[in-house]
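Next come the structures, one after another.
Both complexes shown next keep chain A, but they swap its partner, so chain B is in the first and chain C is in the second.
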Partner chain A sequence: MEWVIEAEDVYYEYEGGGLALDGVTLRVAKGEILAIMGENGAGKTTLVKHFNGLLKPQRGRVVVLGMDTRHTPVSVLARHVGIVFQNPDFQLFAETVEDEIKFALRNFGFPEDVIEKRAKWALKIFGLEKYRERSPYALSIGERKRLSIAAVLSYDPDIVILDEPTSGQDFLQKERLAELLYLMKQQGKTVIIVTHDVEFAVRRSDRIVVMKAGKILGEGPPKKVLSDVRLIKEARLKPPQIIETAHSLTSKGVIVSKDIYPATPYELIRALGLGEDI
Partner chain B sequence: MYLPKKTYLHRLDPRSKAFMLAFYSVASILILNPLLLVLLVISNIPLAIVAKSLGRWVKTMKSIVFFAVLIFALNLLTSVTWNVEYALTMAARFVALTSAFSIFFLTTTPEDLALALEAGGVSREYSLMITMSLRFVPTLARDLQIVTDAYISRGAKLDAKGLLNKIKAYTTLLTPLIVFEVRRSLMVAEALEARAFGATEKPTLYKKVKMTGKDYAFSLLWLILLIIVIVLKVTGVLY
Partner chain C sequence: MPIVELRNLYFSYEGSAKPALKNINLVVDRGEFIVLTGPSGCGKSTLCRVLNGLIPHFYRGRLSGQALVAGLDVKETPTYILARHVGMVFQNPENQLFLSTVERELAFGLENLGLPEEDIEQRVKQALDYFGLADLKDRPPYLLSGGQQQKVAIAAVMIMEPELLILDEPTANLDPVSAEEILELLEKLRKEKNISVLLVEHRLELVLRYATRLLIMREGEIIADGPPERVILTEHANIVGIPPVVEVYKILSGTKYALKDIPLTPSDLTNEIEAVVKRGVGH
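What follows is the complex of A and B.
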């Protein structure tokens, strides 16, 4: 296994109190889609801010692609680690949608023809072509969110971190995003999403890490983690509806699932013994 | 910013503390001797100790060092005669003013300030405007941090070389910040209206500010000091 991010026993306390990370150890493999989940204030965003060096660990260390973040400037790490923050309104700097996408490309000194090509690609893939000349602030919140994602994916970082990428997106956009994440995975990119969207995480991630109060509460394959009722309850998450259904069906003796509950309608149907060709 | 504590200074009516501010403001403008101005700043230390806020006060003072140096440098560079004392005075005046205002705001809640303003005849719209702008200072600082994080995360550099590039970098940062704060103020306005702000011309108050004997004594002390400074200035003792 090739690790692209290795966080060892990371502590971080914000000025004025508030221990945000209380000894986090986490390794992220190349090419995986990792979902970080947990209630508000669990330390998820603080943790991912360590991955491009915005925050430096006060104790422990974070190594990203072999670089110790304490000794590497953000501008170097940012080229390899792209972060899309939660609120798009805080990350739109340019006068037009097209310039917004070119912003990072120019900062990293890409040649002009590459910038043009990448911008065109990003506009197309996120359905923003028709807004090329518009001000980013004239877009709807969902479009602004997509633009903030497009602006980061355009420079093709090895690791992409998305903070709440599905909020404010309709089903179709979520599916498109999921496809894109999968495409990136195929290209050997690593994707980390911070999310409350359990349905998205259970279907679209390879691994879930659950955090609470600055600690990692549990981790593992999505279905396994979200089937762990005790863990889910402690992390104050709500399991996907199918898992919840399967859990109550199991407790009523209708179906029998031990550790892992069915997570999709098809799996549930199979578990109910109703065949597979539905 | 205000820290809730139960001290003599905290309990005072904001109006009596306003006399203290008046003294420090007038004194720092009338006094032209940088050493005396420094003395003025030092005189804030016992006040900070009484308010049990010495640590916070020191922190505020530390945070303005950069601006004080900037004021000194700008005044020195723009003065035709290379007047070091003048530049020192301007910087010390700034420090003295900030110091006194810091004591005031460390010991006065925005709510009390609003009540005192209203008791002094200021309309509710304006008192609210003042308290809200104070209330949003930390929020703005937090927003700026978020914007800065997003900015450098996309490979932009804040420590660009050359003054012009620096200014350019910070102007870029201001764009999302201003747009967001304008949006936020609209949201606040709507929230205020949704909660029937302004429905009654003169709403009754749950909490009232009241001047007590201690307040009058405190006010009198600063009033006397204020008069002394003015008299000294007029008679030419202070120059």
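What follows is the complex of A and C.
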């Protein structure tokens, strides 16, 4: 396994505010889609800000692509680790949608023809071509979110971190986003999403890490983690609909599932023994 | 009298040839819980802006047809009058809360109405109790959690006693348990205060159980309108994403394991499946 991020026993305390990270150890593999879940204030965003050097561990260490973040300038890390925050308004500032995308490309010194090509690609995949000349602030919040994701993907970082990428996105955009994450994975990119969207995480991620009060409460394959009723209750999460159904059918003795519940409609139907006839 | 009456309503933003709303006909009664969904850019937010008067008073454009809210013609009624009847809550509560304490935040709207101080004090106290915010009354809103902030935003709007509460993806940034608490709160308000709720939301799996009516918009038009159990089975629902429990119903329909009623929650689906299993195979 090739680890692209290795966080060891990381502590972080905000000035005047409580402990945000309380000894977090986590390794992220090249090419995985990792979902970080947990209630508001669990420390998820603080943790991912350590992955591009925006925050440095006060104890412990974070190594990204072999670079210790305490000794690597953020400008170097930024080329490899793209991060899109929950509120897109914190990172949009250009006069037009197109310039917003070109800004980072120029900053990283790409040649002009590459900039044109990349910007065109990024606008297209997110359905933003028609807004090229508009101010980012004329877009809806869902569109601004997609613009901030497009701007980061355009410079092709090795690791992409998306904080709540599905919020405000409609069904088709979520599907498109999922497809894009999968494509990135195929190219050997690593994707980390911070999300409350359990239905998205269970279907679209390779692994889920659950956080609470600055600690990692549990981690593993999505279905396994979200089948752990006690864990998700403690983390103030809700199970996906099908897992919740399977859990109550199991407790009523209608079906027998042990550790891992079915998570999709077809899996549930097969677990019920109804599959052969459909 | 219905709280909302829209007839043959069209709207185009200034400088845009394409209408943002096309032939909207919508009557909303007291006590309805309406979930409004549709692909982004379909006109949901534009519709909300008509209902609170931002269109045509703030956003310029061409508005035709009839728009009555609480019996008042939106075109002729200033927004501060409409605000007494229609409350709005947005996705990011931090954009809506700006005062130094929760208590001040709740008093603000009432002070603007020029109510006597004793009345304001009493209504703020009632609201703090009703919304479970009494312990937080001296805290600055920006230091609260997202769920608490959203609760304060709803309380600050509800203290004005509107008949219609419009919420534009109010749970998009909340963790699942906080989101459910907000939705339960809306259901409680609807039942106890008999207000109408209009909730804009993409994640139908979270909200369908509360809806008395589901509206789907596409390209400025309302393309489906009715009870959620009926609308979710129409082909229009395919563009907005069907909750997994409804998918199970659809897969099994037409087979010998067909479920009797459409489930909107995991517990509905559990009961439906239990009934099928008890009934045994071959019916």
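We adopt the following convention: the second predicted complex is superposed on the first by the 275 of 278 C-alpha atoms of A that agree within 3 Å, B and C clash if a C-alpha of one lies under 4 Å from a C-alpha of the other, contacts with A are read in each partner's own complex, and residues count from 1 in each chain.
Just so it is clear, contacts are C-beta pairs under 8 Å (C-beta built on N, C-alpha and C of every residue); 3 or more make two chains touch, one makes a residue touch a chain.
Predicted model, so just to flag it, every value in this text is computed and none were measured.
Peer 1: Taking chain A as the common reference for superposition, should the pair chain B and chain C be classed as clashing or as fitting?
Peer 2: With chain A as the common anchor, chain B and chain C collide in the superposed model.
Peer 1: Where does A:Lys252 make contact in the superposed view: on chain B (first), on chain C (second), on both, or on neither?
Peer 2: A:Lys252 sits against chain C, while chain B stays out of touch.
Peer 1: Between chain B (first) and chain C (second), which does A:Tyr266 come into contact with in this model arrangement: first, second, both, or neither?
Peer 2: second
Peer 1: Is A:Gly41 touching the first partner chain B, the second partner chain C, both, or neither of them?
Peer 2: second
Peer 1: Of the two partner chains, chain B (first) and chain C (second), which one does A:Gly82 touch, if any: first, second, both, or neither?
Peer 2: After superposition on chain A, A:Gly82 lies in contact with chain B alone.
Peer 1: With both complexes overlaid on chain A, does A:Gln241 touch chain B (first), chain C (second), both or neither?
Peer 2: The second partner, chain C, only.
Peer 1: Is A:Gly168 in contact with chain B, with chain C, with both, or with neither (first, second, both, neither)?
Peer 2: second
Peer 1: Please determine whether it is chain B or chain C that touches the greater number of chain A residues.
Peer 2: C
Peer 1: Flag for me the stretch of chain C that overlaps chain B after superposition; candidates: 60-68, 78-86 or 114-122.
Peer 2: In the superposed model, chain C runs into chain B at 114-122.
Peer 1: Chain A residues touched by both chain B and chain C?
Peer 2: 87
Peer 1: Okay, in this complex, where on chain B does chain A touch?
Peer 2: Residues in contact with chain A: 143, 146-147, 149-157, 172-173, 175-177, 179-180, 183.
Peer 1: Which of the residues in chain A come into contact with chain C in the complex?
Peer 2: 38-41, 86-87, 140-143, 164, 167-174, 196-199, 236-238, 240-242, 244-245, 248-249, 252, 254, 264-266, 268-269, 272, 274, 277-278
Peer 1: Looking at the complex, which residues from chain C come into contact with chain A?
Peer 2: Within the complex, chain C touches chain A at residues 38-41, 45, 91-92, 145-147, 169, 172-180, 202-203, 205, 239-241, 243-245, 247-248, 251-252, 255-257, 265-267, 269-270, 273-274, 277.
Peer 1: Touching chain B in the complex: which residues of chain A?
Peer 2: Spelled out, the residues of chain A in touch with chain B are 49, 52, 54, 74-75, 78-79, 82-83, 85, 87, 89-93, 103-104, 107-108, 137, 151-152, 155.
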